[in-house]
Structure formats: C-alpha cells, structure tokens
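For reference, chains read A, B, C and D in written order, and residue numbers begin at 1 within each chain.
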Amino acid sequence: MNSEPRVTVWNEYRHEQSHPAVAAVYPQGIHAAIAEGLRRNGLTHVRTATLDEPEQGLSAAVLAETDVLTWWGHMAHGDVTDATVQRVRERVWDGMGLIVLHSGHYSKIFKALMGTPCELYWREADDHERIWVVDPGHPIAAGLPNHIEVGPEEMYGEHFDVPAPDHLVFISWFSGGEVFRSGCCYTRGSGKIFYFRPGHETYPTYFHADVRRVIANAARWAAPAGGPPPTPRPSDRPVPPLEPMSGY
Amino acid sequence: MNSEPRVTVWNEYRHEQSHPAVAAVYPQGIHAAIAEGLRRNGLTHVRTATLDEPEQGLSAAVLAETDVLTWWGHMAHGDVTDATVQRVRERVWDGMGLIVLHSGHYSKIFKALMGTPCELYWREADDHERIWVVDPGHPIAAGLPNHIEVGPEEMYGEHFDVPAPDHLVFISWFSGGEVFRSGCCYTRGSGKIFYFRPGHETYPTYFHADVRRVIANAARWAAPAGGPPPTPRPSDRPVPPLEPMSGY
Amino acid sequence: MNSEPRVTVWNEYRHEQSHPAVAAVYPQGIHAAIAEGLRRNGLTHVRTATLDEPEQGLSAAVLAETDVLTWWGHMAHGDVTDATVQRVRERVWDGMGLIVLHSGHYSKIFKALMGTPCELYWREADDHERIWVVDPGHPIAAGLPNHIEVGPEEMYGEHFDVPAPDHLVFISWFSGGEVFRSGCCYTRGSGKIFYFRPGHETYPTYFHADVRRVIANAARWAAPAGGPPPTPRPSDRPVPPLEPMSGY
Amino acid sequence: MNSEPRVTVWNEYRHEQSHPAVAAVYPQGIHAAIAEGLRRNGLTHVRTATLDEPEQGLSAAVLAETDVLTWWGHMAHGDVTDATVQRVRERVWDGMGLIVLHSGHYSKIFKALMGTPCELYWREADDHERIWVVDPGHPIAAGLPNHIEVGPEEMYGEHFDVPAPDHLVFISWFSGGEVFRSGCCYTRGSGKIFYFRPGHETYPTYFHADVRRVIANAARWAAPAGGPPPTPRPSDRPVPPLEPMSGY
C-alpha cells in the first residue's frame, strides 16, 4: 500500500493522428499529457500504451505489470477486440484498478463492467464546466478546492445510464443548463473503478492542474489493496464443511 | 403503481424432466410452484415460460407484456442464446423488473447485468439455512418475521463475487459455518433487479410460505415505477442547449 | 401497501403570519399548499399540523395516526422542543416516513437523524433552478419528465454536509453556477426519509405540478412497509440460542 | 497520505479495574492490547487515553493531535459527558477517523453519528465466531484470509439497528444460529467511521493477529484524506454568485 502503484496510461491515439485540431492541443498524444500529469503528482511508475501497438498495447505481460490502468478512447471503440476486453476485465476482477476517462464511458470494457448502456446526453458548444466536490472526505478529493473550474468543455448531461456509484465524488455544472455525475466509484470483483468525466480531445483539459490531481489521486485510490483472492473461477467443485455439521 | 404487475415465471425446466428426485419434489416444475406462491400472495397476472418453448419462452411479445420476470436456471445456462439474453437485458434497461433465483446467479443474463463473475462457494450437504432480515424497513421484508427458518438447503458461501448491492435485505446463516448475502437489490437502467438465494432443485423451498412471500414482495417492488424514459439508445446526436448559453 | 398512507403535513407556519410577502404567496400557509398538492395527486388521508398548536401539533396521538410526516421549518427551528424531536424520531425508527423539505435541512429532527451538521451554501438572488432526474427507475421519479423546470428559487449549493444518500434521485442546477443533491433517500431504523430541496417561502414552488408530484410520490414511497419490528429497545437482556449450541 | 496516522486508542478502562476475570485477560487494559496490535502492524504514532483521565482523556489538545480515534466502552457509556461527545463529533466532521469497537455500538458518540438506536441482539454463551470477508477489494481487508477464525466470543445478532453502511466489509457467523454485519464503513462530514464487532472484555480477542490487522488497516483507511474543508459552520450568511447570473 505504501509503494507507488504501477500505472499504464492507455490511449486510443487516433484523433491526434487524424485531426490537426486535436494534434495542436495534444502533439504527443492525450496519453503523454496524462502520463506527465501523473508524474508531476508523484507517481513514479508510469508507462503508456496505445491501440495500434501489438496486442493493442495490452498484452497479458503488460497487464500483469499494471496495478492501475487509465483508459481514453472515443472514435475507435469498435476496434478494441473482445480478447483485449476480456484480458482487461479479468485483471480488474483480480484487483487491477481502472480509471475510465471522458468518452471512455462508451468503451466496450466500461459497458462490460457496468452492465448498463452507459448512454448520456452531450453537446459540443463550449459550455463552461465547473466540477463540484460532493464527498470532501474521499481520497480522490485530496488537495482540491471545493470546486474545479474547468472552463470550456464538451457537455455531458444526465441521465447518465450507469449503476448508482458506490461513491459519488464529483458533480459537474454546465452553463447550458445541465448537470452530470462526473466522478463515480465502483468495485467489480476485487478491482476498483473510477469514471471521471472531463477530457474532450479538442480542449487542453489534461493539462489542468486540478484535473491532473484527480487522476493521480484516483490512481492511488484504485491500486490493489492486497486482500484475499477473489472466489476461484470457475467454481466447479463444492467445498467441504468448515466445521463438523451441527446436529440439525 | 396500484394495479398488480404482470409476472412471467421463467424456468429452465430440465432437472424436473431428467432427474426423478427433482420431479418428486416439483412434479409440475419449479415454475409451477413459484407461480402458485405468487398467486397465493395476491398477484393476479402470473404466467409461466420455459427454455424449450419457442424463442426460449421469451419472445419480444412475451417480454412486452411482462412487468417482472423471475428466472430459475442451473444445468442449461449455456443453452440460453445470446439473442434471448439481449432481449431480456434491453427490457430490464427499459424498466422491467428481474428476480434472479438461486443458481440463476450463474446465468448469462445475471452476469451480463452485474459485470462480475458472480462466483461463490457451494456445498450440497443438507446444511440448515436460516435467513436473517437486515433491512426491516424494506418493502421486500413486508410481513416477515425477523428471520426465515428455511431448513435443509444447498449451501452458498461468501465471497459472492457481485457488485455491492444497492440494498442488502437478507443474510443467510448455514450450519456448516458460512454466511451469504441472500437478498440483493440492484438497478440497471430503469429496471430493478433482486437476487434471492434459496431454491435448490432437490428441496421443497418454493413451497415455503415465507420464501413465497419474499418472491411476491420482490415482484411488487421490482415493477416498473413509471419514471421518465431512459436515455435514448444510441445517443447518436448532440442535444441543443436547454438555455441560451450564459456569457462565459 | 395498497391503501393510501395517512400523511400529516407539518409546517412551522411563522413566515406566513409575520411576512406579508410570504403571506401573499401562501395566504393559507405553506402547509395548505402542500396538502392540496398531495390531495390532487390522489392521497386520500391528508391532515395538517403547525408549530403553535398544542404539543407543537405533533402529539403522540397525532403521530400514532401518521404514516408519513412532511416537515417544513425555517425561522423557528429553535422553538421545536427536544421532546417533540424525540417523539418524531422514535416514530421514524419504528417505521413512519419523513419527508424533509427545503430549509428543513437545518431542523433539529433532520440533524438528529443524519448525524451530520447538514450545512450548505445558499443565496437569495432569483437563481433559475432546474432539477434533473438521475435515477429514472426510482418510484419518486414516477410520472416526471427527465427534468423539472422550477424557475426562480433560492440557491442551495454543495457541499451539502449530509451522509451519502442511499439513493440520489435528483440533482439541481442553478444559473449562478452551483449544483445540489436535491432528492436524497435514507433509512433510519425502519423509517424511510426523503429530503427534497425546493420550496423557499417567497416563491410559489409548492404550487408547481411536478414539485407536487414528487412530494406525493415520496409519501407513497416512504409509507411503512410492514416488515418485522425493529430490535426491541432497550436491548436490556440477552437472547437464548436459537439452536442447541453446536460442539465448538 | 503516505506518513502514518496519529492514532489515539481510547478505552473506558473500568472492567479491567473492577472485574478480576477481565483483568486476567487484559492486565494492562484493553487499550494496551489494541495499541500493541497497532504498533506491531507498523503504526508508528500510537497513544492511549482513558475515561478517568482529565477531560476524559479527550481534551481539545489531544483531539487536535489525533488523526484516528479508536473507541472501546461498555459499562460507563453514561459517564461520558455531552461535552466530550461534542468535541469528538466535531473533530470527526472535520476529518478525524473514528473506529468504534464492539460494545461501543451503544456509546453516545456512535449513536449521535449514526442517528439510529444502534440496538442489536446479544448473548454471552461462548458462541464460536467466524468473520467472513465480503468485500475483498477493500483496504480494510488487506492481508487477510477469506475468513477470520475468532473462536469463542459474545454473540451479536441482527437486526443491528444502524444505517445501511456505505461499505460492508465483514459478516460474522455465530454457532448459535445468528449472523451480524461486523465491519461497517460510514462517512460523517469529512470523517470516516468504521465499526468492528469483536472484542468482548472477557475474551482475548484483541490479541488475535487477524483482528489486530483489521484495526490497523482501518486506522490507515480512516486517516484524514486532505480534501477541501467541510462547509463552514454555521452557514450564517449567503454566498455571492460564482458567476454573473445568466439571463433568466
């Protein structure tokens, strides 16, 4: 628990290579900006991985060395293979943390872990976004002011079709008239999951100091806790009584 | 909300036809015993459906007329088609209630809605089961004593690999030394889901008055509430600002 | 569960008699407007009670005949006696529903049941309030659109210092830049509690059809469920083993 | 977050001085055994305090230097002054962690923070207690097996009249036929609270390695997270709009 978690920052990395407007904001890719933010917040084991690398950047070997995975995807959700999704999902069940960012709400892996459509309303219109802390005692709120002034962003509005989070840490306000549950904590198997809303590819949101602080806090919070192993899979055999049966 | 929900009691209905010991307990099938229990508790719109019927008993027409679906399956989980699972899942998202019974914890539909392996420990050894009420104010506990004396049953033990329930209504005690979260409430989309543990095919559990009361209470609790429709699927277009943008 | 709950609408009833601006909005008192809204939504057993009545309108006899109590107070929280608070609290623990409205967040009874300061930020500046449904499957959202257009209201902003709600049904958006968890469900003992934000005394909010619908839905949701009695109080003696001790 | 929290182990310390049977088990007092267990698990800033010390061992100065307070009380709950309760409660609201042990369920401070009677069923009959982990990914389960074999203990049974915990980490099994929610997490204000069941004064439970591990894990989990300060108390004035009002 005391050593820093090993974080793999995964990015689809397509917009940056196909859309000059995005490349202008993230010349090294969104993953580079996120990784830099983690390092500046003291995370000492940070690597990146992208969709077009072998095994989509997420081989069993890479996942085995990953305590927390951050996920950014948007235009290529459909290119992520079911095999990749299954490898990631099983690692989450076994304890790996997963931080899903912005349009990752619609990724195969997030939908597979939530069990819901994960739909929402959205609008690209330079709404002003402000993110309010609604659980100031939560580790993910460490070092933050009572709200984060994000500035212009894509709007995401309710109803966000996810299960009620185990903890709701943030709620976004948008100038166009909407609200959104922006910081949602879940557990699946032994793995902790955090969904964090901001980060549309055309805005420099991942350079924002408070946004970076949130992602770093989430990486520490989501690191494997070291509890007992999850139930053996598959549960293909019975267990003996732990005690001699009492006389019923 | 005041009229009784339309309940479809679905059963795999294989053990009863292949295992004389099960047929001896449930000569008309587990579904018949569950349906009778619902009717005796005042549910007035109860039908049954089984796996070997056309469209596996769960056609779009049947689902469209179902407010709450109860699910019992065990030896044939693998025979339920992905198409059936998808039809049921979308109806749940749109508001249909789902009551998953006993070994249904390992069904495709339950795993798809939970996003976890749904594994557990188990033992067939005539453990004595007692189910304790831990949320006496919950509608599913209506009319119950502070615990249900089930008697001999198959043991299910923790860790039960599901998401933490939105409400935990029951916890089981087993004489062999285990406990189990036996009554778990969830919401997925607009649909309410209740998992209820007891009901191994070789025990007459679905004739137990308190067990029947729980299933009837759950059917009323899980009926569609009539709220706003869920977010349109797919969310394939932006929404206009609900208000003229303020001057940021 | 099928018959309509007996609702007592309690109001401090001071502003209406001391502030002409409030009397102009609620000439018969806030309680009259709330009671009318409940009746128009089909509640058939609705009475009102106010602070300056004998026993502060909440005698043991009145409470014994009350399934759900709605609470509006603001300027006279300090005048509510500890004896009244204790009578109400014990009835909640025994199963009575409690709906706390607007400035009731700062009432003795709400703070005693929450265990927190129940503070918030506020502003009287005719902010525009819009209330978003974030749990469309919840009974309290029955019959609502995906958001309620309240219009000008007093602003309440986060952090709202309450325990994380068991269910969060609504989130408010305010034009001045804040958000607020506007519809919060809790259980204390066997009693259900719903906090609902809108209703400052200088605005005609309790005449709003959707606001009235919410309060009526909440009254039905909060009605006693009829489960097993709570643990005897005081627990002044041991219980015998429910089974002969096994041989440990 | 990285440095070890400052823990104050508070004990009523009456049984040990008045009951030889208890003194035989805890010759230096229950607090000494708990403090030793924390130190053996790597906590480096551990102090003890008892009821009969000045200001009941919990002066403003002591509390100001306390990140996490552990509480054991039983026969003298009534001797704890309201002033002490209020000092502790306000520190919890401001972020201090609180770990309530065994019969502390019935302490003034726990009841004041829960808002419920906190009653339960109990029996002193050498029941065998086994504690099951039901949330293996939670930090409080770090380093544990899938269950803790406690051995003979006082029985606590459901219904335990507390709010549904934000996280349920443990469930106890008792040989006499009961279950109990043994590890319950809450947040009040910015402070985290953990209730842990075992530890009757006549059993050597606080010398049990796994029980000690749980209390040490809980101390680390409950340490202040360093988030934004809670809402100012009292909220006696309005806040200005954070933005120029939009044009409603």
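Simple rule for what comes next: contacts are C-beta pairs under 8 Å (C-beta built on N, C-alpha and C of every residue); 3 or more make two chains touch, one makes a residue touch a chain.
It should be emphasised that the depicted structure is a prediction, and the values quoted were computed from it without experimental measurement.
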**Asked** Measuring centre to centre, with centres taken as mean CA positions, what chain is farthest from chain C?
**Response** A
**Chain pair with the higher count of C-beta pairs in contact (B-C, C-D)** = C-D
**Request:** Determine the centre-to-centre distance between chain B and chain D, using the mean Cα coordinates as centres, and give it in whole Å.
**Result:** 36
**Fill in**
dist(centroid_CA(chain B), centroid_CA(chain C)) in Å evaluates to 32
**Item:** Interface hub residues of chain A, defined as touching at least two other chains
**Value:** 128, 130, 133, 135-136, 146, 157, 159-160, 164, 166-167, 175, 177-178, 187, 189, 228, 230, 242-243, 246, 248
**Fill in**
In their shared complex, chain B is touched by residues of chain A numbered 93, 112-117, 119-128, 151-152, 155, 157, 159-161, 163-164, 166, 175-178, 186-189, 228, 230-235, 238-243, 245-246, 248
**Message:** Applying the document's contact rule, which stretches of chain C touch chain B when the two form their complex?
**Reply:** 1-2, 95, 128, 130, 133, 135-139, 141-147, 166-167, 175, 187, 189-192, 220, 224-230, 242-243, 246
**Fill in**
Note: in the complex, chain B contacts chain D through residues 130, 132-136, 146-147, 157-160, 164, 167-168, 171-174, 177-179, 181, 243-244, 246-248
